[in-house]
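Take this structure first; my questions come after.
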Amino acid sequence: MLALNRHPSGRHFLQIPGPTNVPDRVLRAIDQPTIDHRGPAFGELGLAVLSGMQAIFQTSGPVIIYPASGTGAWEAALVNTLSPGDHVLMAETGHFASLWRRLADRLGLRVTFLPGDWRHGVDAGAIEAALRADAGKDIAAVCVVHNETSTGVVSDIPAVRAAMDRSGHGALLMVDTISSLGSIDYRHEEWRVDVSVSGSQKGLMLPPGLSFNAVSARALARAETAKLPRAYWDWRDMLGVNGKGYFPYTPATNLLYGLHEAIEMLRAEGLPAVFARHRRHGEATRAAVQAWGLEILCQEPDGHSPALTAVLMPEGHSADALRKTVLERFDMSLGQGLGKLTDRIFRIGHLGHFNDLTLCGTLAGVEMGLAAAGVPHRAGGVAAAMQRLAQAPAV
Amino acid sequence: MLALNRHPSGRHFLQIPGPTNVPDRVLRAIDQPTIDHRGPAFGELGLAVLSGMQAIFQTSGPVIIYPASGTGAWEAALVNTLSPGDHVLMAETGHFASLWRRLADRLGLRVTFLPGDWRHGVDAGAIEAALRADAGKDIAAVCVVHNETSTGVVSDIPAVRAAMDRSGHGALLMVDTISSLGSIDYRHEEWRVDVSVSGSQKGLMLPPGLSFNAVSARALARAETAKLPRAYWDWRDMLGVNGKGYFPYTPATNLLYGLHEAIEMLRAEGLPAVFARHRRHGEATRAAVQAWGLEILCQEPDGHSPALTAVLMPEGHSADALRKTVLERFDMSLGQGLGKLTDRIFRIGHLGHFNDLTLCGTLAGVEMGLAAAGVPHRAGGVAAAMQRLAQAPAV
Amino acid sequence: MLALNRHPSGRHFLQIPGPTNVPDRVLRAIDQPTIDHRGPAFGELGLAVLSGMQAIFQTSGPVIIYPASGTGAWEAALVNTLSPGDHVLMAETGHFASLWRRLADRLGLRVTFLPGDWRHGVDAGAIEAALRADAGKDIAAVCVVHNETSTGVVSDIPAVRAAMDRSGHGALLMVDTISSLGSIDYRHEEWRVDVSVSGSQKGLMLPPGLSFNAVSARALARAETAKLPRAYWDWRDMLGVNGKGYFPYTPATNLLYGLHEAIEMLRAEGLPAVFARHRRHGEATRAAVQAWGLEILCQEPDGHSPALTAVLMPEGHSADALRKTVLERFDMSLGQGLGKLTDRIFRIGHLGHFNDLTLCGTLAGVEMGLAAAGVPHRAGGVAAAMQRLAQAPAV
Amino acid sequence: MLALNRHPSGRHFLQIPGPTNVPDRVLRAIDQPTIDHRGPAFGELGLAVLSGMQAIFQTSGPVIIYPASGTGAWEAALVNTLSPGDHVLMAETGHFASLWRRLADRLGLRVTFLPGDWRHGVDAGAIEAALRADAGKDIAAVCVVHNETSTGVVSDIPAVRAAMDRSGHGALLMVDTISSLGSIDYRHEEWRVDVSVSGSQKGLMLPPGLSFNAVSARALARAETAKLPRAYWDWRDMLGVNGKGYFPYTPATNLLYGLHEAIEMLRAEGLPAVFARHRRHGEATRAAVQAWGLEILCQEPDGHSPALTAVLMPEGHSADALRKTVLERFDMSLGQGLGKLTDRIFRIGHLGHFNDLTLCGTLAGVEMGLAAAGVPHRAGGVAAAMQRLAQAPAV
């Protein structure tokens, strides 16, 4: 078997902002014999995960499960609802928003990309303005990222929804929840999102390989007329057989076992408790960063991510050198800076299957890594985090 | 954890022609902690599986690995090489060939579908004729299925290649090897196939969730001009980072662990031994069917599949009723008839992680099931298979 | 990781009469993180397995669980109840009865060993006679083996109990149920057995490493005065803390996880169904042996074991050569002849986690092995077994 | 499957001084199908683990592997070498030394128990004096504990050896290495120990269920004349078949798979690196305790254990209340005080599969627990440990 860890002893700290640490329960669930995907046991599994995902998206409408990465679910959201040359409004919140925009370009859509500095969330006012300015109702969809994994900034989706409502423009609202679902409160139905996009490897605590679309009735109706070519991603094939728990082509059966287990875990903890836990860990992490005297990338006052924290390096210091030191000396993976932030930031993932002591170990690894790599900072970050963690029950 | 088997004791016999029985070694490999897909350990894993898949496709050219089902790899083959309205020549060998054709239709391609009776392989002569008749070189690609999973008939790919060569027509050759790769001798490079499509859940002994394209230089060149919109499936993004073992978006890491292990197992057994084993098991299965006095669907003299055997039900008897009896009484899943063969045939999968005694158990389940379901037949199928198995070394 | 199987493909058939094939569910349960054996979660586990084992022994009295093999539980039964030089009456039913006798010798007990031909069960009349002849009540205990794993003969424990009752002798009754518990109906309390000895690796479907004593009130009382030195095996230490689910020294925690799962499986199937299943498989196996024209070792008319079948080799043929052929050609382990039966018999285990199709595969392996090894026999054994299996529902 | 953890998220910190955190690699190794313990594959496994354990005990002499807990290996050491009424010299270093003494009492040995205060190691001078005083050479064996798991004090075995040599007395030397083997340098052969006793669940990183005796030639010779009754524990039966990798009764096969994997891991890290890692973690832990202003139980200047640290509670504070708080709030198990130290101390295990960041998380849990439980202390323990950890490479 492949040696996955060169460190001789102890458990790796996988503190990138996803894939996250997969619970043993989920790994063991995946490690069960594959079954007939057209047999009766599979039907029960299928129904259970489909309804379980509705609860997690907080919707009574359909959820589509793809054997694919999140990038596939981005593509699915667009090809099921849009036609070649359609105009979409996107917002540059960071690297992943930029990648989604590039994907839309490639599919032959026309994208208006509201500029951003990668340190703030979506500007709902700018969206409202753009929609009001679109007298011809040319814009077919507004696409935003809920939690920008590249920056650690959360966008205010209800504010976007309200802005769209105020504009009176009928564009669809599509939201990337890849690194928020299962970590940060997200309400597909209440917020009247038309397509929510997500993936398995973040708050859902699974390995990568599954992705999701939650779909509104409006979006479904749009799928009847949308003309972008599609087959693998076609919602209609899925919905045609999902009703009995089956899929139109071979599903990723073993990952669905894991999804079933993860849904059980989230249900047992309860979504409000899950969200509160992530908020606490985000607050404790920011307390540590502030104690170190380092700068948090996020400048959106209410937009600090409960799922990850991006930290700016002091001028003249390499984030990637720090990350290498931390990996080699302390067996911890931190997230790298992406796109224009390459080598400028490192990202601490604190989402998924996680608890207070693992967070303390994580922050200790960063603090010792800063010292080992010669990065100017003050000690005391772990101590500050511990003070914050002491305030509220760990559970 | 979800109860996957209602039978109180013993191991389920998963004898559908895929997903196949996943070896414990592969399941345990998948059940390892997910790692950073941008870290150094992942790079080694990526390089190992990419080069390992070249050996299995018998090619020195690139192999693309998708986090997707085989249906996705069908789509990938087309969108990377073709433009809207392009003309493709396909051959109706069975249900999966028909599904691939439908997928091509949906993508906006024009398909000429050479008719077939679902009991024979591809008619290489008909392909040659069609290409010769295409004076304007309108046909951009010929798409055929190597092993029709719905019928148990193998098509002669070298014969198709020769026919195409004789025609002097420059169309690309694309081959679906989803249920042949790792079970039946298949030589991407020697046979000058342009795109080979495959999946993880058959001869590769993995759960579903990974799929593949092996790609020729000609196909790669075509990708530069092909105009079907594509993003998730784009070979160029993959090849841009595969060289260091990475992927352009989050790969299905844990399934790649399993792929690494499966490649090791196939390498240890040796592909010639793997193919010989499947041939023996196919022969033994056909000996059983003949002893039962039942009719094998395949009528192509040299086209009997080493991977599965499809059996016609006697007139007036339901294949699905038989399958239900076998599942309930003997805890074995058999493949159903698909498309126009629904309820007319059952399919015995004998591919993947398999050995002589499991085959005997499988055939005993069919024989006892035929009796229990009141299907007219002669006893003695298992005995006939045992005679065939006795002739050659089990290893 | 150690390569456990040199066969390149397929699942090994472990058809020795124990250790038996461990269900995936049990293996996965064992593959969970070890917990604090003094913490609250452990207490619940301990209580669950202790009460679960009472149900399996069919007793309301205490069950002791040792981190040890069955041999240890033999020793425990003796050292907790007897004093140096005590006289015990044992019956030579086979190799394991002989080993238990040797163990008693080593502990300094005086053993009267009722002779046997290894083809019959215990002679209850001989026990009655021996007890009646023991006017001085010198005999402290009668020790018999319920299912002789070395011969495939079941002894009639109720008959032994009745004989002891008729004799009016107060000796303790100790019964080895190592290969019967969880496979053959066994009633510790109803049959008034004083000490039942068992192990994890047979009908309980676990790996080896746990063993058991079920204990009557009389036996417990005897433990107060018994003088054989004891510490590890002392029931009193166990019972002193078992009441809250704990153990006096570190228990084999992960094997207890497996025990918990196995108990759940046996409970779900129901003991009567478990016993009926084993009887069917024993009958089908004997039908095969008779069809082959080979001789079954057991000559006790009502004593054929539902757990295993021992088969005599034709004169001049080596059982071990046959077993070697079967292992190398068909990847199946059969039980060897032990003691004076070495190389004279082979044993087919059909107990534990097992079903009809695996039995058919097993018997096919024997039948093909007999042919490959040149052992005179008639074909048709598998067919005969299938006829028997067809008669009753598989579930 | 039993729910082992009531905490809704994250991984439990099992920081008792054994059982320790079992590496995933070891758990997965155990989670493989059980094989025939008399077949050829088993023989290879047996030879590999027997020779691997010699390397870990640092001996070229025999090692015995029992399917049993450490308590069984204590018993084995005594019953193989001693006769009823023999005189043994033991030293009261703590709870486990006292338990071993009680076990010797129960076996009918006469024990002289050198008194100790549970805060120091063995007094080699007292042993020398006792042996010199034993003119009649009545003392058959000296039994000491290398690392007292109940106190965190290491005894100086070479000093004991030297004292015994100086005395000119021929008593056997027996050493309990249950919580030192694989964590603290221990040299069975160089130190001329006669019987070393150990277990699987500490430095060997396995679940409990295996235990060990490493045996000198003198001890083996003594086994020929020792008269304590024995069977399960008899070395001679073991050594009679260990030469080909087999065992005289059914071994705990799946735990041996884990042992094989653990030996590979220790070999890959290298014993000197393993010992150095434990020393570092011990030093860092003591730095934390000192920073908290709490008292370490150990008062032996050179005897601080690299495997665990026992901490005295301030007067009037309950260690068990603290442990309960830590378990409930922070999902960490700490070791309890045993025997006369009940509720007076808590023990931090830092042995086995462990690394710097997990240690930091552990110490953070203690520090936050002290605060939450209202135990007087100074903050800064984690910070002090981090300073210590920063000094040396993390290996």
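Side notes on the structure shown:
A, B, C and D are the chain letters, set down in written order, and residue numbers restart from 1 in every chain.
Note that a contact is a pair of C-beta atoms (placed from the backbone, for glycine too) under 8 Å apart; a residue touches a chain by one contact, two chains touch by 3 or more.
Everything numeric in this text was worked out from a predicted model, so none of it was measured.
Looking at chain B and chain D, the chains in contact with each of them are A, C.
In this assembly, C is the chain whose CA centroid lies farthest from the centroid of chain A. The mean-CA centres of chain C and chain D are about 34 angstrom from one another, to the nearest whole unit.
With centres set at the average Cα position, the gap from chain A to chain C is 54 Å. Centroids of chain B and chain C (each the mean of its C-alpha atoms) stand 45 Å apart. Contacts with at least two other chains are made by residues 1, 11, 21, 24, 28, 31-33 of chain B.
In terms of inter-chain touching, the protein chains here all touch one another pairwise.
Interface of chain D with chain B (complex): residues 1, 24, 28, 31-33. Contacts from chain B toward chain A in the complex involve residues 1-6, 11-12, 14, 16, 18-22, 25, 27-41, 44-45, 48, 66-72, 75, 84, 102-103, 106-108, 199, 201, 207-209, 228-232, 234, 248-255, 257, 260-261, 327, 333, 336. Those residues of chain C whose C-beta lies close enough to touch chain B in the complex are 7-11, 13, 21, 23-24, 31, 265, 268-270, 273-274, 277, 328-332, 353-362, 364-365, 367-368, 371-372, 379-380, 382-383, 386, 389-390, 393-395.
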